[in-house]
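What follows is chain A paired twice: with chain B in the first complex and chain C in the second.
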Partner chain A sequence: MAVKKLNKDKEKEALQELTKFRLIAPAKSDEVVIFKQITDPGEAFLEYGNSTVPPKKVVFPQTETLFRFQRGNPELREKNVEEEGTTVIFGLRPCDARAMSIVDRLFSWDYEDPYYLKRRELTTLVGLACVEPPSINCFCTSLGGSPFGTEGLDMLLADMGDHYLVRALTEKGEKLQETLSAHLEDAPAEEEKKAEEMAARAEGKIARSINTEGIPEKLPTLWEHELWKKVSAACLGCGICTYLCPTCHCFDIQDEVEEMGEGRRARMWDSCMFSEYTLHASGHNPRPTRRERTRNRISHKYSYYPKRFEVIACVGCGRCINLCPVNIDILEILEQVVDAS
Partner chain B sequence: MKNPYIPYEVKILEARYETPGDRCIKTFKVTFADEKVWDTWSHLPGQCAMVGIPGVGESMFCISSSPTEKGYLRFSIMKMGKNTTALHELEAGDSFYVRGPLGNNFPLEEWKGKNVITIGGGIGQAPLRPVIQWIRDNRDDYGELTVIYGARTSADHCFKDEFEELNSCGDACCHLAIDVEEEGWPHFVGFVPQLLMEVSPSPENAIAVTCGPPIMIKFVLQNLEKLGFTPDQVYTTLENRMKCGIGKCGRCNVGHLYVCKDGPVFSYAQIKDIPEAFA
Partner chain C sequence: MVDVERLREIAREVISRDDVRQLIGYRQGTYGFRARPAFITSPEEVDQLIFSPACVNNLATYLTLEEKLPVPRGQEPDLRKVAVMVKGCDSRALVQQMEEKAYERERIVVLGIPCTGVVDMDKVEKRFPDVLSRGEITLEGDKFVLSFDGQREEVPKEELLADKCKRCRYPTPLVYDQLLDEAVERFADDDYSDVLELEKRSAEEKWAYWEEKFSRCIRCYSCRNVCPMCYCEDCVLDRLNPQWMRRSVDISENTAYHIARAYHLAGRCIQCGECQRVCPVEIPLMELNRKFYKDVEELYDYEPGTDAEAPPLLATFKVDDREDFIL
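Presenting the complex of A and B:
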């Protein structure tokens, strides 16, 4: 399908067109930018760096019902994800889309997760390329991503100044392009070359990196290494690094009884940085301190996940570095892993 | 495909206490409320299921009956936390919910023609019970069956009447132990790893399976090695906190292995170099 352009004076019209779906876009919320459903195109805020909370919450909500029950009634009423309707996530960053394609492997491995996969099926991802790296701690290029990366996306937009360059990448993206056709124009031929130059420039501006080669194999050999105590010493165990990670996908399942015996079984984000996460009913805890929990967080992302799914479960978005209250830096941890002997 | 998070309702046919005390063990014999579920259900010894009550929660238990026992499933559950306490309040005629079968199984096909030694401690006998029952129900396919089992006191022994029956029918050779002397106890007094050395089974053409408290497993593994068993002749089950049971929720991993999906059954060869397996 031909590359198109969306003039910025048509941006609101185009977004209005998309409100016939469940439209999720970056929007300001107090001091931060988050992804939320918008019904008024004016709410979308596309001149952002990256959102504080990754858009993973759209396909993997922080809390979601699995089924509802009524005491005394054996019937369990399964949550119907289809009711949420066709969804468009507009303007997410390439790293966050790539994160979804990484997490897809887990949720479709062996047992298919019906809730997650149904939402993925209903969702079209419209990316917004990073003309500038959104943060000083971006390191996507170390993990196989890039500021103009397309993995996981159905459509990619690039901000060219007075317009966006629009490229459909999948069948879903082509369908969306048709929906938007009244607001799009053909892009001049030289535009693609210009975008390539912008992509190269953006890549060049990424300041941080790590050579991941050998890390997955090396990590299990450093099980008792002193580095784990050092790198976890400052950790508060707040879990923000996992909650705000676009590839972290661990969850808890809890039952909630509301009124008159009516209730639900729900799942909610959980964090391997919490002590309760692995606490046995007997009181035994196989990961009793932050040393073991930090070791597991890093090993899961950089060793266990690639061993099973052939991809490191990190996209280099930098959120865990930017938002850690005690400045724990995953790249510094990985550098210690590389240097350890 | 069926939603793997939705459990089946089961009706309790029989509920009885195996052991007394604060951490008592109760065995439930159950059948599916919807008989049609039996048409699609098939499990093998070693496999598990999520057992619970909507509004309370669910936890993972081994299925303590063999698939050769038709028309019911058994679960032997120790009263420990919120969910197990709620389950212990249930009696025959009540119902709870089961999601499964989950996890892998003991490779009983591969063990055909071999001598099998089970080494259990306390509630650890629950996953070994279906192995014993399976061998009894396919007696000609296997060599000698040696059952070694211990608990703190004679009252803490699970499946008491079954051992007596097993010894008298000649299907197996049973060796029982308690930790400290009791009047009238005719069997071994001491810990399971000691009893293992006393029985001293030959590693030749043999498989050893051990389940029990971590400290017992640790010394049983050491003693099996002394007896000449190689790591690929030794099997155990691991347990960890679980929520989904299907390899998604993340918490039950030991190293790169998910206990819920890759286990609960592991050969010692598979896990001996994974330190977290014994954490």
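Presenting the complex of A and C:
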């Protein structure tokens, strides 16, 4: 399909068009940028670096009702994801889209997760290329991503100043392009070349990196290494690094009983950094301190996941570094892993 | 400002003592202007230690955060002391912890840092967003001097100073074994002007305000975990059976969480501001804590964390306590 352009003075109209679907876009709440459902195009905030909370919550909500139950009534009222309808996530960064394609492998592995997969099927991802790396700690290029990366996306927009260059990447993207056709114009041929130059420039600006070669194989050999104690010493055991990670996908399932004999079974994000994570009913915890929990976080992303799915479960978005209250830095940990003997 | 050579010299003496097993201080962060907690166990590691206005963390948290595995049969527990570096505000956490009998005074060695104020790292990084190589911040007169990549920038102190420092009544630690520098005179006072502004709002306005903030909460519990006063070994939030507070995230549960937290800190919060500093979604938690703080000061003439000999507020009763607010 031909490359198109969307003039910025048509941006609001285009977003208005998309509100006939469930439209999710970055929006500002005070100074914090969060993806949320918008009904008014004016709410969308596209001049952003990256969102604080990744858009993974759209396909993997932080709290999700699986079904409801009632005393004396054997019928379970199951939730139907389809009722949420067709969804468009507009303006997410390429790293966050790539993260979804990584997590897809887990949710469609030994058991096909109906909730997640249905949402993924119903969702079209419209990416916004990074003309500038959104943060000083971006390292997507070390993990096979890039500021103009397309993996996982259905459509990619690149900000060219007074307009966006629009490229459909999948069938879903082409359908969306048709929906938007009244607001799009043909892009001049030289635009693509210009975008390629911008992509190379953005890539060149990424300041941090790690050579991941050999890390997945090496990690299991460092099980009792002293580095884990050192890198976890300052850890507070909060959930920032995992909750804000676009590839972290652990969840817990709990029953919540309400008044009047009603209740629900819900699943909710869990974090391997919490002390009750994997706490056994016996009181035993195989990961009793933050040393084991930090080791698990790094090993899961950089060893267990690639062993099973042939891809590292990290996209280099830098959120876990930017927002850690005590400056625990995954790149420093990985460097220590590389150097360890 | 504390002289780094002197700081390291004292730290070397302390960690060389037979009765000290660990010293908690600060070291350079991994990028930009960041500093981070350092855990020193031998004299060789002492040269990592720094102190600068970038040393924002309240290290008192680590005295109660340490996870200890059961001591294997036949081995003795390590009862040696822990040394900790504290600024004025951080020292109040020690005082409050000791008031509450969290541990014995003899268990710790306190290295006091008279403090002239720390930076708000968000303000620093907003102003200098692309500094990756390790930079330094020092205070010279009424200016912060930032050195990075061979550059030197001066910024008026007021512009980068953390808000809590603008109302600091206790810049010099209230408890210490050794003071690392000359005591600093009080350079600010708390007039509660921010709380007074909030108090003027109607109940509806307050509710709308907090509903917006709390709806952003992702319940990562960083505000709880970083708080030096949140040190219950068995936290109500982690209880699964019975479950007192749900793990599910919605405005109702989020609000319940933050109200419960604020109440648990009434008469105990020592205003280090760590909860608000670490919040990834920028919930202004100190506004809640400061309202309680002001009430406690006005109603009971009590400032938490200022007198290690005094009993905790909730363990006191005075016959002349005001009662006019009781319905």
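Criterion: the second predicted complex is superposed on the first by the 341 of 341 C-alpha atoms of A that agree within 3 Å, B and C clash if a C-alpha of one lies under 4 Å from a C-alpha of the other, contacts with A are read in each partner's own complex, and residues count from 1 in each chain.
FYI, a contact is a pair of C-beta atoms (placed from the backbone, for glycine too) under 8 Å apart; a residue touches a chain by one contact, two chains touch by 3 or more.
Computed from a prediction, not measured in an experiment: that's the story for all the values here.
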- Message: Taking the superposition on A as described, I'd like to know which of chain B and chain C A:2 touches: first, second, both or neither.
- Response: neither
- Query: A:200 contacts which: chain B (first), chain C (second), both, neither?
  - Reply: neither
- Item | Which superposed partner A:323 touches (first chain B, second chain C, both, neither) | second
- Contacts of A:272 with chain B and chain C, given as first, second, both or neither: first
- Touching A:252, do we find chain B (first), chain C (second), both, or neither? both
- Message: Per the contact definition in the header, classify A:182: touching chain B only (first), chain C only (second), both, or neither.
- Response: neither
- Message: With the touch criterion stated at the top, can you tell me which chain A residues are shared between the chain B interface and the chain C interface?
- Response: 252, 254, 270
- For the chain C and chain A complex, residues of the former touching the latter: 29-32, 34-37, 39, 57, 61-62, 65, 67, 69, 129-132, 212-213, 215-216, 218-222, 224-226, 238, 240, 243, 246-250, 274, 277-278, 280-282
- Parts of chain B lying in touch with chain A, wherever the complex brings them together: 1, 3-7, 9, 33, 54-59, 80-81, 84, 95, 239-241, 243-244, 246-251, 253-256, 261, 274-276, 279
- Residue numbers on chain A that touch chain B, as the complex places them: 66-67, 69, 71, 74, 76, 78, 106-107, 109-115, 220, 223-224, 249-255, 257, 261, 263, 265, 267, 270, 272, 277-282, 286-287, 292, 296, 299-300, 303-304, 307-308
- Task: Would you mind writing out the residues of chain A in touch with chain C in their complex?
- Result: 29-32, 34, 52-53, 62-63, 136-137, 207-208, 230, 233-234, 236-240, 243-244, 252, 254, 256, 266, 268-271, 274-276, 288-290, 321, 323, 325-329, 331-332
